[in-house]
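Chain IDs A, B and C follow the sequence of writing; residue 1 opens each chain.
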Amino acid sequence: MTPLLQISNLHASIDDREILKGINLTVNAGEIHAIMGPNGSGKSTLASVLAGREDYTVTAGSVVFQGKELLDLVPEERSREGLFLAFQYPVEIPGVSTANFVKTAVNEVRKHRGQEPLDPAAFLALMRERMALVEMDPSFLQRSLNEGFSGGEKKRNEVFQMAMLDPVLSVLDETDSGLDIDALRIVASGVNALRRSDNATIVITHYQRLLDHIVPDFVHVLWNGRIVKSGDKSLALELEQRGYDWLKQEAAVEA
Amino acid sequence: MSQHSLVELAQSRVAVHAEAAVEAADGRLGYLRREGLREFVRMGIPTTRHEEWKYTNVFPFIGQDFTYRPTHWGSVSAQNTMPASAKEIASALGQHVSVRIVDGCVIVDDSTLPSGVEIIELTPELVENDAAIAGALGSGAPMNTHPFVALNTALLESGVVLRIGKDVRVEPPIHVSIETSDSTSPTLITPRLLVIAEQGAEVDIVQSHHVFGEATVLDATVVEFVVSAMAHIRYFKIADDADAARSISSVSADVHRDATFTSHALSIGGRFVRNDLALRLCEPSSQGFLFGVSLLADHEYTDNHTVVDHMVPHCHSEELYKGIYDGSSTGVFNGKIYVRPQAQKTTAYQSNHTLLLSSKAQVQAKPQLEIWADDVKCSHGATMGQVDEEAIFYFRSRGIDKDTAKALLTYAFITEVVEKISLDGLRELLTRRIARKLSTDTLLS
Amino acid sequence: MDQQTILDEIVGSDYKYGFTSNIEQELLPKGLNEDVIRFISDRKNEPEWMLEWRLKAFEQWKSMKEPMWPNVDYPPVDFQDIIYWAAPKKKPELNSLDEVDPEILATFEKLGIPLEEQKVLAGVAVDFVLDSVSVKTTFQDKLAELGIIFCPISEALENHPELVRKYIGSVVPTNDNFYAALNSAVFSDGSFVYIPKGVRCPIELSTYFRINARNTGQFERTLIIADEGSYVSYLEGCTAPQRDENQLHAAVVELVAHDRAEIKYSTVQNWFPGDKDGKGGIYNFVTKRGICAGVDSKISWTQVETGSAITWKYPSVVLKGDNSIGEFYSVAVTNNKQQADTGTKMIHIGRNTRSRIVSKGISAGVSQNSYRGLVKVLPVAQGARNFSQCDSLLIGDACGAHTFPYLEVANNSATVEHEATTSKIGEDMLFYCNQRGIDTEAAVALIVNGYAREVLNQLPMEFAVEAQKLLAISLEGSVG
């Protein structure tokens, strides 16, 4: 089986400072991968590099996504190919309603796939249905995108957009940060509802808590720009109990 | 004194010094005086056709025959004549360092001077021998755009240099009391202060102006601040109630890396107060906080002109000016935020709020943003109105009569700014003064 | 691709309405003197008093100086190097479209002006000014039934001289400012609207201006009077051909609203802004002012300004009648080397007068965009209220946005609120849109239309759609 995503020896830096120092990761369809690690280990950088944020320079390596070199594509092409990044800090865009934004995005993706734009009625119905997944009130559709949304509302809006765009690979960047337990449960159930055998999810998180709700097939520990340990979900529990220090020492010894 | 005679005065003073000194030894100070004169002649006395003086008309008083009291250094003997209003501030400050400029005569009480603080007489020799002072003097004050700064500079013969040494945190505030005692003839004074806070220094400076008599006093004070890296200066300028004062004061501050300049323009009255404040954030991570209170009644007049110049990236400025205008008073606020092309990541906020208490009171506001960089967050807001009728009704419904309600709400309006005064004694004094002026003192006690 | 590359790559979106029509024209030699004014007045068969009025304005103009205070910078205008009269030679006397010069019709087509029958039936009456003389007016008969006068001002001078004489110069006096004086002396034509008492004008009145003849200054004069209890919505839209020489445009618009009358005046201005190097482009020095003369009257200005090399324009309202309302909604876009100094004046005189200002500036390229506005509350304006919102949006790092509000309040029962913000279309915003599959150009259009929504909502429907497209076109290639 061809993997959905194949990251090989990925190096990336910002302002001449190397953050990713050789990431290798394979994600197959139907899988959920969790990437954990202490602050500053490079977790969010990995998400940003996958989505194509220009602040980062890729200095070596490749990322093959559904047989295409992802790094050759501009951010909107990556999105249209089916890569979705749920932002850690979703941006507020004053004056642009959530409905208008999502409609524009969905129609861009449809155009890319050679589909006709959805008619307004069908679109509205679809939006209402997908909003229900994350228990979002339809009144949010008319509000400016993320403007004045609480932290939890912003994250639910991210998952709602994920549901609308129907990505092949979703990268959730610390989607749990700042959420209370109720919001976390809602967000997680939204993500779980979208899980299929032909898509995959990478969950980036600092805490084991989220993984009680979104159960990963694999857990990877990122430290100092490298994946230093991989395992199943029990690794997350072990990290919860023992912290990261033992891994750092292990990694230091190996290095 | 007409423009002509002011020019003549400046010309003659500049000439005296030029003759006294050999051309070469005249140095930086002589150069500044000549430049000041040239600029003053070029600009002349500003008319209300001048954009920056649109609302501020100096002509009703500028024609008087002023006696010029040049700045010079004297002895401690005049101590006992301190006016009551100055004493009130001095006692509110508790232990402090006292610098008085009485009719131009500088009197320093250095008995309480902490180590690391210098209060120095500004002389040609000092300017020639101290590169830091020579570099700072005249570099911030807007001599080329402000006619009265040009006049002050043309008449720059002596002055006060305050220097706070590296990493010195000055506990007692420094009180600069600018007084005029002549009650019979119109007086012109042109005090000049240069404050240099060296790296990491911290100091509070309280400047107040006091006029004794009935005769007009034209007070054209110029203060320049250099706030070196990581230094913090808090500056309080208090305008006196005196009817005879015509205060045209110009303050400039150059703020360097990680340093902060905080200013409070506190006008609890004043027949004619014009404050110009030019803040330059000239190194990254510098910050400026500008606060102002203008509480005016009768025919009082206060014009606050501020310019915040964001010269480099990552600087922050905040400005909050509030005015309450009663009687036939007029308040002016003219605030400019200027963000230069390279000053990315600037955050600059300005707000100006006014309550008009009487039908004859007026307000003029010109809050301006001039933005030349793109990655910035800047805003300004200005409101003018009255005490909220809804709030008054709420008070009345709880049994508080209308006048009391209005007074309390008016007082509450201004306290937001007064609360920012970090010196406890001064804050309490200002609070009392404001309460007295609003006749809410009995309610609040 | 970095910002600069994107910017460089797409900046070359050329002005889409740059073409010249070859109608034979009658031109007066360049230059301005009394004889020129007499010639203009004579050609238009004006009454004697009109000539006297023009000559008085000319005298005043000669002693006035060009205003230098706006925050714009341009080479001095040589007023003797301008042609003050140009008229199509074939004097049109038209009853149907068939009689219109085919060249003109072709021009209409290119501009997409709704002059064809179906467009007219869609409810737009058009008074088309090609350079100086109105050549086609439609729906006049239908409007005449209601007593509405909508015609070229030259025609109004012939048929309704008493109305013109009563109101012309009553809002913008001949000596109001340098350009108003010049316009008063040499105005060639423009529109005249009179809505009688109690009449609601059933259609949007519309005029398209177009500067066509080479080196021809345009000096339109528009006068709209809404009598007691009447209502009119007036649309003004403009596009101009591409030129190398700078062209001067100094129009005067006067609005008079009597008791309970309402005038809604909407403008989409898309004159040639100059090329990306700042070459060519229109100088747009316009005086627009309305007076809410009667009680409960209302004047509303809405403008979408994307064109012109230099804009100097402050549509204003004098709120004289008690309870009258003045509004100003503006989107001003500057790109490349455009400069705009625009805003409004709200003068509160009557009791309980209200004004609202919503100004949205968008600066891109190396342009400069200034808001300048005055809110003045006179001592007699008991209970006056104003709210102003002035926002600036910056695109790219080489442009400037400036806000110069003047607030003068001399009545303590007045409430004046002013808010202003400056922000940029941030990279984080664009990246977020990119990540959702929206490319950068589309993202800018989306964000800008959202930002300007409050103003665009004020436009009549057919204009709003056009304006939205215009915003996107104006900002093509400005991304950063």
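FYI, a contact is a pair of C-beta atoms (placed from the backbone, for glycine too) under 8 Å apart; a residue touches a chain by one contact, two chains touch by 3 or more.
Quick caveat: nothing in here was measured; it's all calculated off a predicted structure.
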A-C or B-C, whichever has more C-beta pairs in contact: B-C
Most central chain, Cα average position: C
Centroid distance [mean C-alpha coordinates] between subunit B and subunit A, Å: 54
Cα-centroid distance, subunit A relative to subunit C, in whole angstrom: 49
Centroid distance [mean C-alpha coordinates] between subunit C and subunit B, Å: 44
Residues of subunit A engaged with two or more neighbouring chains: none
Residue numbers of subunit C (touch at least two other chains): 426
Touching two or more other chains - residue numbers and ranges from subunit B: none
Complex contacts: residues of subunit B adjacent to subunit C: 51, 341, 344, 354, 356-386
Subunit C to subunit A touching residues, read off their complex: 1-2, 426-429, 431-440, 442, 446-447, 449-454
Subunit B contact footprint on subunit C (complex, rising order): 69, 379, 392, 394-424, 426, 480
Partner subunit C, residues of subunit A touching it in the complex: 51-54, 74-76, 78-80, 84-85, 87, 90-91, 93-97, 100-102, 104-105, 108-109, 112, 144, 161, 165
